[in-house]
Every structure is written in structure tokens, then in C-alpha cells.
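Labels run A, B, C and D following the written order; every chain starts at residue 1.
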Amino acid sequence: MTGVDSEKLGWSRDEMARNAALDIPSGAYVNLGIGIPELIADHIPDDREVIFHTENGLLGMGPSPAPHLSDPELINAGKKRTSAVDGAAYFHHADSFAMIRGGHIDVCVLGAMQVAENGDLANWSTGPDDPMPAVGGAMDLVAGAKSIWIVTRHRTKRGEPKLLSDCTLPVTGLGIVERIYTDLATIEVTKSGFELKELAPNTSLERVQELTGARLLNRCADDEGQIRAQSVSDRTSPWQPE
Amino acid sequence: MINKYCSSLNDAVADVFDGATLMVGGFGEAGSPIELIHALIDQGAKNLTVVSNNTGSGNVGLAALIANGQVSKMICSFPRTANSTVFPRKYSEGKIELELVPQGTLAERIRAGGAGIPAIYSPAGVGTILAEGKETREFGGRTYLLETAIKADFTLIKARIADRYGNLQYNKTARNFGPIMATAANKTIAQAAQFSKVKCLDPEAIVTPGIFVERVVEVFDPLVESDLVSAGATYP
Amino acid sequence: MTGVDSEKLGWSRDEMARNAALDIPSGAYVNLGIGIPELIADHIPDDREVIFHTENGLLGMGPSPAPHLSDPELINAGKKRTSAVDGAAYFHHADSFAMIRGGHIDVCVLGAMQVAENGDLANWSTGPDDPMPAVGGAMDLVAGAKSIWIVTRHRTKRGEPKLLSDCTLPVTGLGIVERIYTDLATIEVTKSGFELKELAPNTSLERVQELTGARLLNRCADDEGQIRAQSVSDRTSPWQPE
Amino acid sequence: MINKYCSSLNDAVADVFDGATLMVGGFGEAGSPIELIHALIDQGAKNLTVVSNNTGSGNVGLAALIANGQVSKMICSFPRTANSTVFPRKYSEGKIELELVPQGTLAERIRAGGAGIPAIYSPAGVGTILAEGKETREFGGRTYLLETAIKADFTLIKARIADRYGNLQYNKTARNFGPIMATAANKTIAQAAQFSKVKCLDPEAIVTPGIFVERVVEVFDPLVESDLVSAGATYP
């Protein structure tokens, strides 16, 4: 089974985003990182109201605007043009990061290069050879948001596992990741390590374990040792804001 | 749908618990959430640590909360003002504790609490008796005091206008401590003279974004503390 | 000569305020303490525009309002009702004291209980027996404003000197007073101590020295050892904002 | 009469001196004071330390200032963005220095500089390579880094509207670093798309009070950086 084949087995980018979106409760204040996390906004169920924060100074970020309504001075953290919903507020950078650092953001969903089983995250630098290090707000977000979730492919483009016993790349923060939504599984980072919450369709615990660089705990296994296939419709909002 | 409107003052303060740390907005009467304070008197929570710039005047509002024996400690910058007799009397009788903090340091410690900054260095008070016991450190040849953040379980503030998200705007100098206290408490409870449709508030002019506010209760025509004091009013 | 008589010799409260007002240049941002300093606003010459800051959250404070226009939510630092000029701005307390502490206020004029010749100021507590200590923003103002000036009677109500070699009351700040405007003299606090800049009419260096608890330096003396009577009309704005 | 209006961009930046520390507003193109930067390219000050979140894009604005050899050091959080090639090239050639700072720490250090706070403690970056060499301290069982204030000789920012006092309002997310950078520089120079009569700005909605601003210059129809980059424009 090649890497390309195995990718077809798992969830798509939109399905990964949907999996995370379904775990965000109504009323949450959420910051979405660049990349797959941005897709989460499109998958919030209609009966939930979630407020999106973008660290460059907007609470109440809306969807991408129609081209004729876009404004180069209304952008998101990825510097793409965005919109503001009714009830939004603009503020300066120190106030925006006070919101983050002060623990007011309920959930921040980021991409990852590596996640360790102790919750360490590496997502900002490819290491000493990085030709142009750039950190942005990642370190502030992981230090400040109440919950850090990761949405990422289970492996790198070269097929190497991203979920590891230890990060080998420079870390963004220590012990801060709570959940990981990959194309192959949804995983909770517990004191004991990676705990499998859900497997993607058409894959298996054994196969996903092979593609993971640390032990996967399976507390969902039933008496026969099989993964209890948790259907998406069963899932409401296990996570509650304080 | 997110809706932070609370239908009664009593509901708004129902969960304030004995021993809680409570921030109360206001500089003198401007911005003092008098109706919320009165609801807290009715509610009866005791042994409160109150963070507020002053200690109230007459026998209403914050002064009445203190008179009612609900406050064991005040953290403030100016505990005596015109017509403030309740706190000075209790203090002289040794019945209430006082932590006196320079006004700007008080504001900055509250802001730090809301911003996830555990401590800052400030030049205010260096060499004075208020610096006694505080750690000092030099930066660029000048001495500063280490000042730690203040956080609270609850904040009570007064706003001019609010929407269902808890976005707030204030009135003139009644803004004072409201925006920073809103950020520094686990639960911020605001009274507002007016509820606004969400789309009516200009996103460029919102002072407290709703993320900092848990509950908003409408007090259409709030009491004027100085009028009550002039009239010799007492609460309850 | 009794204390009461000697007071008649010097400048009135309004004249003391005028003396300070004439030293404030156009364009200055000024914070005025409670008491005589508040009177300064009325004495700014018409051809100068000065902007008044009140630490409870207003830049652009105006004169006392007519009773029917007064608002209990528009007050000054002394908790008296005030007004805002066109071009004013409201802000919260942390921003207001950032303005002060950050060195953005050009001149802060305060009252005093005692001033020492090294520039120490005591103006907040009557000492260990103070029945109700209260500090307000005094310590922040003296630590932050670019220039601290004092307007005060030369002596206490009991006739004791307020200008001393050392403060005996608890200090508000160390080495921060630049100028002192009293009913008897205007004094600059220099590295060498109190330097006389101007004497009130109908008094004398000898008499003012008697009423002062530290040595008065007289660099204004002419060859005959007489104070050079500096007329108020000669004075423009010796002080310049940075 | 106080009048901070400056009649030309050249006059506005005339006194920026060689070796100055310069804050430049903007997050990407939003809020970047491109006309003021171009005036500074014309003016020619060299050996600048520039504090700005990014390093510009294409060959205009901040990227052009760097390309012109006027910047010896950048203090920023994200030096590479779409279409930013000038800084990465200079950096790889060892021709420009970089101090990389987490974005929120950068903002807080600038705010501290403007607020007279010499240093703060921040949790951001603890345990990472950006914490190397930084002092750490525990508060409440958690580790924080000591972070010192950043101040500047000059700040260049972009506003939407200004009055003669220098009061400023911004446009949407172009606000970003403007209000804090305005407080942290010895001289703050703002370009604004519109000049307003003093009485027209709501005192409740002024974002930067004029006390923080030395000069305002009108740029009625500012250039759009992304349009210039798409068109392959180069300055000068």
C-alpha cells in the first residue's frame, strides 16, 4: 500500500475540518489557523453560533467576501481578504493578543508539522536549516487559548509520521495540544498519550498505528478488541467552554 | 443563538459566592453599577474581596455593600472621598482590610490580569512606603517595582449600551475601569441603559468586545448616586 | 508679623495659578491636580492652546459646565462635574495611566504638603497617624509626567514651612519636583537646591527665606544683591515640551 | 492653535536620522503607510532598525525600503509572506539582521514601551528556541519569560481619518499595530486618507488620542500594495 493509496482511504480535508467543527459548541470563541483549519468555519452546524477571532484584530470574522466587496484593509491572519459579521469588533494588536494570552479564546485550531504524545507541538520552523524562520502568532496562541486542537494530515508529504513520541523539529509550545483531527483518525492527547477517539472509514487500528510514530491507546475498543465505529451523527459537543 | 441578556438583576448576580474576589467598576459615582451592587446586597454573598478605585459614598451602592458587612477586604487607590464614611469607619475599627494601590498601578495590574501577563514592572511608588516589601529591579538605570496581576471571580460594571453578544459601549468618563475589569474576571456582569440590535453598533467603536462579557442586564434609567446621597438614601 | 498678615503680602490663589499658567507653552498636554492647580485652566493666555488631561479617562477636558449641562458621568479627577472640548477623547484607566506613565503628559501641576530641596514631594499622607490613607493617582503622575510642578501656599495653615531640606511626611515620589509656585515666590528645584526665580510683591528675600525650611539660592540677584523684580509681562514660556 | 497637519510627505519624514529605530505599522499590506515609506526612501536615512510585523512584499513599500539598503535590522514576527523576496534574500546573504519575536509578544513589548512599563512577563515561547538566553520566572507554578519594552525614535502609521490635534481613527483590520506603535515612539507620523474638522470625531470613538501623534499628512487615495505587487511595480 503506497502513501498515495492510503491517503484515499481516509477523510478528505473537508471531512477533517467537519470533524473538528462538530466538536465546537455553540457560543465558543474560536481562532482558526491557516490551511485546513480555515475550512472549519464552513462546517459549523446551522444551529450553532460560533464567533471567529482573527489575531490581526477582529472578533466576528465572516466568510470570504465576494470580490467586489473585498477590502485590502479587511484581512485575516493569513492575509487573505475576509468579512466581518454583524456584531463584530475591531481592536489593535495588543488588545487582540491580550484576548489570546488572557485565556479568552475557547478553542484555537492549528495545523502541525509534528505533535508529540505529551502534547508538544512543532508547527513553525523546519529546523536549523530553515532558510527564513517566521513565527507569527503561533507561540502566543498555543500559550494562551484555552484549548489547542490540531487539524493535519496524519503524515508528511514524504510519508513520515507527524504524530510522534517526541518532536524532532523546534517546538511551538510544550504540552498544549488537546486533540488531533487527521485524515485517518481523531485523537485525544491524554496524560497517558495519544488516545484514539475515532477511526476514518476503511482503515484499521493496526494500519493507523503503523503510520503513527507513537503508541495509540484505544480506550474505545469493545470487548472483542474492535474499534467501536463512532458515527459522526452520534457526536455532539463533548467539549464545553468554561 | 448567542444571547447574553439576563432578564433580572437578581439572576445576574445569583452565583456570586462567599469569599469571591469581585471587581466593581466606577471612579466615584461615574460608572458605578449601583443596581447590580444593590442586587448583590439582596443576594447576600459575604467575605468578598472587592477591587474598586473607591469605596462608595453615603449609604448606597458600594458603601452600602460594605456597610452590610459583605466585604472583608478592599483593594483600591482612594478609599476616602466626599461623603464616604462607611469604609473609613470600618477601617478605623479594624473591621475591614485595605490594600492601597496607586491608581495607575491598580489599572495596570487589572489589565495584566486580563491579558495573561502575570507581572509587570512599574515606576510608580518607588521609594515610598507603598513600595515596602516589594521587589525592585533596575532597567536602564531607573528603579521599578515588580507588580503582580489582579484577577477576579466576578466583575460588575455599568455600560451605556450593549448587544446580545455582550459588546459594550460606555458613557464619557464612566468608561474608566469597565473595559479592563471586564477582561480580568472569570465572569463579567454588565448593566446597560440600552440594549441594541447587533447590527447597530459600529464595529470600529465597540469598546468592550462581547468575548469579555458573560451577562448583560438592562437598567434603563440608572440611579444617580450623588442624588441618592444628597437625599440621605440608604440601601436596603 | 503674624501668619495671617504675611499671607496678605503674597500672591492670591488665582495669582499663583496665573504664575504657573504663564509658564505653560502652547500645545502642551497638562494634568492638573485638585485644589489650586485646578485654577490654572482659567489663566492660560488666549493665544495659547493647551490640552488638559484628567486621569480618570479624558483628554481635552473643558471648563466646569453650566448646572443644566452637567453629567454625573462626566467628571474630573476630583470627581467634580466637568466638560469635554471639541477634539476630546475618552479612554479607559489603563490607557489613561499608560499616557501618564509613558511620559506623554508634558506638565503635571500638583499641590503639596512638603517639597524637599532635592525635589522629593510629599502630598498624599499625613503619616503613620493618617486615619485613612488614600493615594489615588499621585504616585503614578509624579513617576510619569515629563515635568512636575507644584502650586502651594508657602507654609501650612499652622505656619510651618512646606519647603524643606528633607520631607518628614511619607513621600509621593523622589527627586521629581521641577518648579514650585507659592504665594510668596516662584522657585526652581535645581541640583543645588531651591533657586528663587521670582518674589511676590511686597515681600523680601530675607522674609521668604525665614519662612522656608531650606536655603534659597538667589541666582537672580543683581550686582547690588537685590532681587531683580521680574515683571509678569516679561515672562513667556521658559519651559518647552520635548 | 495646535495644528499637526503637515503639508507634504517629504516634510513629514524629513528628520528621520541615520541609525534611528523606526516602527512601521501594518499587518501585511493592511495599515502599511506605503506613501510615508516611499517618502523615507526619497529621504534616504540609512542604518535603520525597523520594527514591523512583516517585511513587505514585492518591490514597493517596506520591501523597497529594505531593497534600497536603508534597513540594517528588522524586529518582526513573520518576515516571509506571499510575494516577500527582498528580506529573505538579504537575510540569506547575511546583509540584514533579524530579531524574531512572537507576534503577541511583539505587540505587548511595544505597548509596554508606550506605557512606561520597562518589562513584562509573558508565557509565549517558553521552552522554544526563541526563549534561549531569556530570563525565566515562575508565577503560580507556570513559567514565563521576561520581555523588555520596545521603543522607537519614529513611528510611521496609516490611519483612515485625522483631525488637527492628531486624533486618529483607523479602517477595519488596518488598525492592527497603529495605536500601540503611536504610543511607543518619540515622534509619530501618520498618513490619513481624510482630514476631519475637530468637532466631527466622536470622542467615544477616537482610537488614538492626538497626544500620541506629532504629524499628520493627508494621502487621499493611498496606493494598494497588492495591486502594485501584481503589476510588478518597483519603487523608486
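Rule of thumb we're sticking to: contacts are C-beta pairs under 8 Å (C-beta built on N, C-alpha and C of every residue); 3 or more make two chains touch, one makes a residue touch a chain.
Remember, it's a predicted structure, so these values are computed and weren't measured experimentally.
Enquirer: Quick check: more C-beta contact pairs at A-D or at C-D?
Expert: A-D
Enquirer: Based on mean C-alpha positions, I'd like to know which chain lies farthest from chain C.
Expert: Farthest chain from chain C, going by C-alpha centroids: A.
Enquirer: List the centre-to-centre spacing of chain A and chain D in whole Å, with centres computed as mean CA coordinates.
Expert: Chain A and chain D have C-alpha centres separated by 31 Å.
Enquirer: So how far apart, in whole Å, are chain B and chain D when each is placed at the average of its C-alpha atoms?
Expert: Chain centres of chain B and chain D, defined by C-alpha means, are spaced 34 Å apart.
Enquirer: Name the residues of chain D that each touch 2 or more other chains.
Expert: 108, 111, 115-117, 122-123, 170, 172, 204, 207
Enquirer: So which stretches of chain C touch two or more other chains?
Expert: 58, 84, 90-91, 94, 97-98, 100-101, 143-144
Enquirer: Can the chain contact pattern be summarised as a line, a ring, a star, a complete graph, or none of these (other)?
Expert: The chain contacts form none of line, ring, star or complete graph.
Enquirer: Go ahead and list every pair of chains that touch.
Expert: Pairwise, the chains that meet the contact rule are A-B, A-D, B-C, B-D, C-D.
Enquirer: Residues of chain D touching chain B in their complex?
Expert: 108, 112, 115-123, 139-140, 142, 144, 148, 169-170, 172, 202, 204-205, 207
Enquirer: Would you tell me which residues of chain D are touching chain A in their complex?
Expert: Residues of chain D touching chain A: 27-31, 53, 77-82, 88, 91-92, 98, 100-108, 110-111, 122-130, 170-180, 207, 224-226.
Enquirer: Would you pull the chain A residues touching chain D in the complex into a rising list?
Expert: Its residues touching chain D are 54-58, 71-75, 79, 84, 90-94, 96-98, 100-101, 125, 131-140, 143-144, 170-174.
Enquirer: Name, in rising order, each residue of chain A that touches chain B in their complex.
Expert: Against chain B, chain A makes touches at 26-27, 29, 49, 51, 53, 58-60, 84, 86-91, 94, 97-105, 143-144, 242.
Enquirer: Hey, which residues of chain D end up touching chain C in the complex?
Expert: Touching chain C: residues 1-2, 111, 113-117, 163-165, 167, 183-184, 186, 198-199, 201, 203-204, 206, 209-212 of chain D.
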